[in-house]
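Given below, in the form of structure tokens, are the structures.
Look at the two complexes coming up: chain A is in both, with chain B in one and chain C in the other.
So, the complex of A and B:
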């Protein structure tokens, strides 16, 4: 009797948990679906009451308008260029720095590492003005270089990869490679990099999303419209009177597609990297 | 193959000196075992020979050339690690051939040498597997294959069998011995297992606290230990020690135990120890006989009480209380005895060891 009551309680609590989760999923994906739907409606439909929660017939019209108000594909290309270079650079340089912290003993190593980790606690907005001044001093204002290069060796990436190395690579492995005759660069390339793939994938996704969504840095660095990235371009057309919301929504949705694709392909590695070391394997 | 020489070698970590002015020569083709308790510095010494750590002082000489400043890759030594240290993302074939690829050998040359090493170690069927798909013994063999394929001047083994179960350890020990007999490459083998050292090595170096206690063949160390530490370390079960003093009576020498028992000692064993000096009396378990069963008629007798019997199958290990201490006695006759029964032990004077008390 008691057993039946317990199993009934378990069943009902399962339902409650599932209902909460489904609600959470709906809340999370609603903005994406909403943006996609609004991209198929005209401005007047969007502001009608109740708003149209169905696929409209103004997709091509919005697309034509989008191309009219901004060089969409150029801007998308700019975003891709900045995000891909920044991601590749971060994966390469963060893993190299992390290898340095992991494999070498040098004076002040722990202090430097500590300062580096502490620097992650500084709110990024606080560094905006120094960032602008530095970029101006270096003469790289209004260049894409100023968007992707400064982040290629960032504290978060170095910390993430170094921690992953600590949990997944033994000292004996490095020693074995040394005795096998491998140089430090060879050990890094042939032994260490293949073993930290999940962490690299995690960093790549985090960096790509960060660079793709970056708004503040392009806002203060880029001034030429032909060098705009997506975030900046989409924002700039919103300031016009009588904003073409259908086109803006379509542009916003199209700008999310690369991220969604990246997540679909790399989510497994991303989870593996983020949970590495959490469970003893 | 190369000879290896350590000259006045020291190593200091901060304020702590872990190796004290070691001098050691390993002859070409010799199998030398470094044995000692944990923390005695044997692995540090091996890492210095490999070039993975630098000595604070002294030289590492190979074939007459000082290699102290050379990197591991320039020393042409191969090392087998306790953890095997196989590259998890590479197949067995790639693991074994890694060094050859770095050396820039042709693909055909690499394939033939890997194949040869695999045949020697019975790994041919496993070449396409990853280390995670291998058993402990197979991984160990791959680690040895990786060392073997290079034709190094010296093999360095860092407790290579300690992660294996007892049965596999015996099997791998035989394989290592057979392999060394075949290739005759100079080998330095670090272990804390004295049985492993005794069965494998041509010579053994016993270390304690960063100092060499004695160097010799397994038989020499067993028969003629320099001090109580070596005597206690070599032999299984370990040698029994009883406190006492050395007594001279004319030309005769006696070890007098705390209960007044006198054991005749040969001049050779008494050595330079002075009359009436405090000593440690060393009695090997396998040299003690239970006199009550007529199996020990030596002049030296010790009275005690049987405290415990540990049967091991072929023999019993008796724990006999003598002078308020438990002595281990190996009883190969499997005599029938009762717990708490008084027993008399006997031992040949030639087999009574005495060491100056510390």
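So, the complex of A and C:
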């Protein structure tokens, strides 16, 4: 599309453009390379001069140390558990609610939908204390349930999926299914769900990344170290006296690996999903 | 002709009738209660579908919000249980108003929001433009995807990495500055380094805010680049051609053609940045090692302060009052943004 404009750039300034972009990429990926390298060095190597810009030989040592300062695999399992349940729950319940708003006309529908959209504007900071109190009243403090469950029917997900339904499912299709004698539940499950798979995938991506990286909710909800999730466990070893930075950096790097791997394969879907609101807005 | 459609209701004697009062022509086999319950079930169906949202919204948003208004007029340490609550009127609000830490944290929040918000967009817009204009879509995707990576990684992990990069005692940033100062060709540019070393990036009140701001810029610029790339891709080639016929040079094409076209995207990205930056918590929290906002609270943001008051000092009532003041603040800033940029931003030139 930008062919003619390209020619303007091509001649004199193309290498400048490339240099700028490559500089941007270098600044972006340097911390990732650096954390991977630090994971293979001992504490004294990391802070030696000149900085060790090569792969070190202390990987196993750091790994042993990492298991010493935190139950790494338990914590990783906790993160996985919370993220998977929260994602599955959101895909199920958000699509269910979205179907409710999409397929039916009922009294109060517009008001509820309006409140729902407005609630997306409420900054999470405001709900932090009330959220904590509810969790406390319900007696689910210090449980993983309190991390994944409250978000399974969230306004963003419902809105996202309803908008997708509006563009991809016709009234005629629903009516045809009804004439064939399908119950509402059956229409939702066998007719609608298969048709909105792309939106479900988008929601799943957004939810999983959000839950995996979540820090604030675990920080105020979880107190026992064996229930920590990755973000919380990593933060808790930051201030250890004489902290073993090689081990901490190894843990930090390992905690990022799952999402980075997923990004290598699904970068298009993940970028589209995470900017869904903005780009279509 | 007999009317075989299902009757609407029963009359006083329990005979099935239609809406206009005519009795049903056929015996109704189903017991009346079953039919009514089917009708009711049909009316209940939508509520059944949206019930997960209603329940969770009521439980985790609506009720708690109301309760937090109530709580902001109480003095309450959550450890003492509900009975430990004491009504104190507006005292929480008044003492928050007199609280120098709150004002300091608000100042820091605004400082950080500007210092970490403005560069994101000043960098992202030109880079997105270059990506769209100078590269084919395959290569462009590789660049945008790479720059997007920080956005998907956890803020905690990223902040921990930068915590070690910023380390005063031979963190890599200080080491590189020293190397640059001793390097033959560029050394003169970094001659000042020796005078100021060691730079305490996270340990001095003047450097910690820029250090935090850089992490935020680093993390979110890629996200904005993706949004702006999508924006620039919506600008049609004909517009550039027409501009060129009118004698626009490359800069004018960018400034007068491309930029006005992506206004809605700028508006949206700015909104996200404003709302997000005013709630900055994780970056300052990790970079100050969770230590009361760092040296003389220079890294204390409003959300961070809210956390300290509520969970470290266990004064939930005061924290609730602060959260409402912070909400008011965010609401005012956001509506100012909507008021001044909203009309232009939303209308755009699409």
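The rule is simple: the second predicted complex is superposed on the first by the 230 of 281 C-alpha atoms of A that agree within 3 Å, B and C clash if a C-alpha of one lies under 4 Å from a C-alpha of the other, contacts with A are read in each partner's own complex, and residues count from 1 in each chain.
Basically, a contact is a pair of C-beta atoms (placed from the backbone, for glycine too) under 8 Å apart; a residue touches a chain by one contact, two chains touch by 3 or more.
Note that the structure is predicted; figures quoted are calculated from it, not measured.
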Task: Please work out whether A:259 is in contact with chain B alone, chain C alone, both, or neither, and reply first, second, both or neither.
output: second
Task = Report for A:106: first if it touches chain B alone, second if chain C alone, otherwise both or neither.
result = second
**Q.** First, second, both or neither for A:209, with chain B first and chain C second
**A.** second
| message | If we overlay the two complexes on their shared chain A, which of chain B and chain C does A:238 touch? Say first, second, both or neither. | response | second
Chosen between chain B and chain C, the partner touching more chain A residues is C
Once chain A of both complexes is superposed, is A:17 in touch with chain B (first), chain C (second), both, or neither? second
- Message: Looking at A:126 after the superposition, I want to know if it touches chain B, chain C, both of them or none. Which is it: first, second, both, neither?
- Response: second
Next item on the list: Kindly classify A:267 by the partners it touches after superposition: chain B alone (first), chain C alone (second), both, or neither?
Entry: second
Dual-contact residues of chain A (chain B, chain C) none
Interface with chain C, chain A side, in the complex: residues 1-6, 8-10, 14, 17, 20-21, 24-25, 27-29, 31-32, 34-35, 38, 46-51, 93, 96-97, 99-101, 103-106, 109, 112, 116, 119, 122-134, 136, 138, 149-150, 152-155, 158, 184, 188, 209, 212-213, 215-216, 219-220, 230-231, 234-235, 238-239, 245, 248-249, 252, 255-256, 259-260, 263, 267-268, 270-271, 274-275, 277-279, 281
As the complex stands, chain A meets chain B at residues 170, 172-173, 175-183, 186, 190-191, 194-195
Per the touch rule, the chain C residues reaching chain A in their complex are 43, 45-50, 52-57, 59-61, 63-65, 67-68, 71, 78, 123, 127, 130-135, 141, 143-158, 160-165, 167, 169-172, 175-176, 178-179, 218, 222-223, 226-227, 230, 233, 236-237, 240-241, 244, 250, 253, 264-265, 268-269, 272, 275, 278-279, 281-282, 285-286, 289-291, 302-303, 306-307, 310-311, 316, 319-320, 323-324, 326-327, 330
Within the complex, chain A is touched by chain B residues 47, 50-52, 71-73, 77-79, 81-83, 85-89, 98-99, 102-103, 146
